[in-house]
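Residue numbering begins at 1 within each chain, and the chains themselves are lettered A, B and C in the order written.
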Amino acid sequence: MLEIKNLVKKYNTGDLAINGVDLKVEKGQVMALIGPSGAGKSTLIRCVNRLENPTSGEIWLNGENIVKMRSRKLRRARRNMGMIFQEYALVERLTVMENVLSGRLGYVGFWRSFLRKFPQSDVNAAFGLLNKVGLDAMVNKRADELSGGQRQRVGIARALIQNPDILLVDEPTASLDPKTSRQIMRLITELCEENQLAAIINIHDVALAQMYAERIVGLRDGKIVYDGSPDDLKPDVLTEIYGKEDWTAVRKRKPKKDQSEDDITASEEHLAEMQ
Amino acid sequence: MNKTQSKPENAGNTCQTSANPARTWSPPPFIENPTLRWGLLLGLAIYLFLSIGSLDVNWNRIYEGLDRGAKFIFGFMNPNFAGRWTDISEGMIESLVMTVTSTALGIAISIPIGFGAARNLAPLPVYLFCRGVIALSRSFQEIIVAILFVAIFGFGPLAGVLTLSFATIGFLSKLLAEDIESIDKSQAEAVQATGSKWWQWLNYGIQPQIMPRLIGLSLYRLDINFRESAVVGLVGAGGIGATLNTAFDRYEYDTAAAILILIIGIVMLSEYISGYIRKGVQ
Amino acid sequence: MAETLSSSPKIWQHRNRNQQLLSWLIWLLGTALFVVCWQKVSESTTWFFVWDAPRIAADIGSRMIPPRWSYINELWEPLWDTLNIATIGTMMAIVMAVPVAFLAARNTTPSTRFVRPIALLIIVSSRSINSLIWSLLLVSIIGPGVVAGIVAISLRSIGFIAKLLYEAIEEIDKNQVEAVTAAGGSRLQVLVYGIVPQILPAFAGISVFRWDINIRESTVLGLVGAGGIGLQLNASLNVLAWPQVTLILILILLAVIFSEWVSAKVRHAII
């Protein structure tokens, strides 16, 4: 369904963010993209949506090459890709409902959207999704009145109302506490299963990735260094992705004396901190 | 993957199970109270109707004016610097001289008044007096002050300089006072705690905090004073305004355009330079 | 303290030598410039009048009070005109300034190389020229009257509003715009959903602020024939009717206080 062929992205500053990535995502497959900061995770999914223009390579979605597309066709392709952002990227001064409905902009003409006269089917879908993410009572609240978890739920509803084939999720939990992070990840994966959506979830929390994704791809210096199931993600693989570190420290606590300060926090945040 | 079921075309079908299909939505109005909302709209409509109705437009005169308008635009394309160059250059130099003098004087007076108008520094009587001076300076347009000063001090650039200095006080002292009132207290207290004298305290505790902004505001005011110096000349308080007025009176649009282009050019130049200096200060 | 640490005392200087020299140089040049300028002003001043100033000021002062209250009945209409000049002028300026601002902002302009410089030129030209001079120009072109005042006010305000607005546009949160783009919105939809909600409060604040300034400025446009209460001020000054001048000045003061109050209220309500 989504196929990336030999993708390269070089920024104007000369940084080579993506260096020849080949990747295939099947319908309904939830894939986690892990890797250290600067590995090109964000750039990769932003290239798929063409928020960044790839330097070379091809991106095929449903048999069409996105890289070659121009304005109108590109907008049509974007409708099929729902994007969820790290800092939620809600339009702060619009209401929850307007934010969700903004996911339908690719389907609705300018004047309809300008006058906020969306088709009743869209409004129904929006109510349904808001109910599903548990924000039914906040329809007319402004986005800047919500908490982080609530905002991300609105972001999810906005992506899903596009009726996409694939979700592009950029660090959905980076600004959330551990409990909310789990809730959000569960919500995303449940919704993906329900609607048979594929998803590329770009995430730095390895434990969360293992918990919720069916496939994990590791990125390092713009190249894929691991592609397989979450169960095969052993310490040597993590070393390959992130560099050398005592990966077993995730579970067992070592005596303080012969450990450097960083290793004392032996939890999953430990991995997060490394980046 | 084994999930091959085709997905529904319309988003409306995706998640309809839990929603009432007839539930409509329209954005919440900007003003909640309907009486107030419609009242404001109606009021605005009535105002517009009355105000536009009371405009006494002489279309004939405007039609005749189009010709002159075209002449002015043409003058802008072909400005005539040479025709009255002595008048223009003398007026421009006088404007610049007035700008420098009035800004320097204005800053010198503004700083003590600004300190006096900061509630966290000055005792109440001083505060009220300084705030009064600021309010007086801000209330009247430069041109009105210029008229009074010309009446009192006679024609010439001195009246203009005094006008602009006076206007500078209202601008600079007010912003300076607000800046002083919002300084970081702990820094000032730390200096006070060393047992410093009042002057030392101002010099070490307050001055470093407000200096960059004071420089920025002064440069900005220099710019404003130059623009205003072109205006006070209209009432005989010196500067390029008199030359400009004459040019318009004689319908010499090419000369007027030349003067305006010079003003725009100098303003652009000074904005560029002050932006550069401000970057250096911070 | 230094003596105890080492044999040769360390010298501490606030600035190093070059900085100190530069600082002195700037002060020297500044003072010299001021002295030269002051001499030029002094040359073209008739000091006899200046020494006489206190007496003249006292004389004018005594003539100015009491104000001629009965004159107020002739001032209502000019006051209404003044309000209209400011309000309609501001509205016209807003209509013209908004597109200019979008053309001038780096993130919304269609072309940084061609369109943006033109928009910036419009802004700086409009801002550099005082509304009185715009009035002078317009009175000369379309004749004296309220219309000249309205057009002058709007021409002056375009630059002000467009400048502040385009700075606000350049400071918006890029992520929110991207989110709307990612949903497949067209350029116009991105504008309406991603950008406009973010700048709306700033826009309203700027407009009201400029309206406030325009009330002040429109009180004096009459001095050059562009309508409003300034016409009466000019007429009274010409016949040296100081008690009338006092009344007009009081009225202007009240108008300024009123507009400042309205503008503060509205801006408070928005934020």
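The definition used in the following text is that a residue touches a chain if its C-beta (ideal position, glycine included) is under 8 Å from a C-beta of that chain, and two chains touch if they have at least 3 such contacts.
In this text the structure is predicted, and so the values were computed from the model without any measurement.
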Co-neighbours of chain C and chain B - touch as defined:
A
Measuring centre to centre with C-alpha atoms, which chain is farthest from chain C?
A
Separation of chain B from chain C, taking each centre as the mean of its C-alpha atoms, in whole Å
3
Could you grab the centroid distance between chain A and chain C? Build each centroid from C-alpha atoms only and quote it in angstrom.
48
In chain A, the residues touching two or more other chains are 98, 104, 107, 162
Multi-chain touching residues of chain C, meaning two or more other chains, are none
Residue ranges of chain B touching at least 2 other chains are none
Chain B-touching residues of chain C, taken from the complex the two chains share
30, 33-34, 37-38, 40-42, 44-46, 49-50, 53, 56-57, 60, 80-81, 83-84, 87-88, 124-125, 127-130, 132-133, 136-137, 140-143, 145-147, 150, 216-217, 219-220, 223-224, 233, 237, 249, 252-253, 256-257
Help me check something: in the complex, which residues belonging to chain B touch chain A?
1, 3-5, 7-8, 10-21, 23-28
Touching chain C in the complex, chain A uses residues 49, 51, 75-79, 81-83, 85, 87, 89-94, 98, 102-107, 110, 113-114, 155, 158, 162, 168
Would you tell me which residues of chain C are touching chain A in their complex?
173, 175-176, 178-186, 188-189, 192-194, 197-198, 200-201
Partner chain C, residues of chain B touching it in the complex
47, 51-52, 54-58, 61-62, 64-65, 68-69, 72, 93-94, 97-98, 100-101, 104, 139-141, 143-144, 147-148, 151-154, 156-158, 161, 227-228, 230-231, 234-235, 238, 241, 244-245, 248-249, 251, 256, 260, 263-264, 267-268, 271
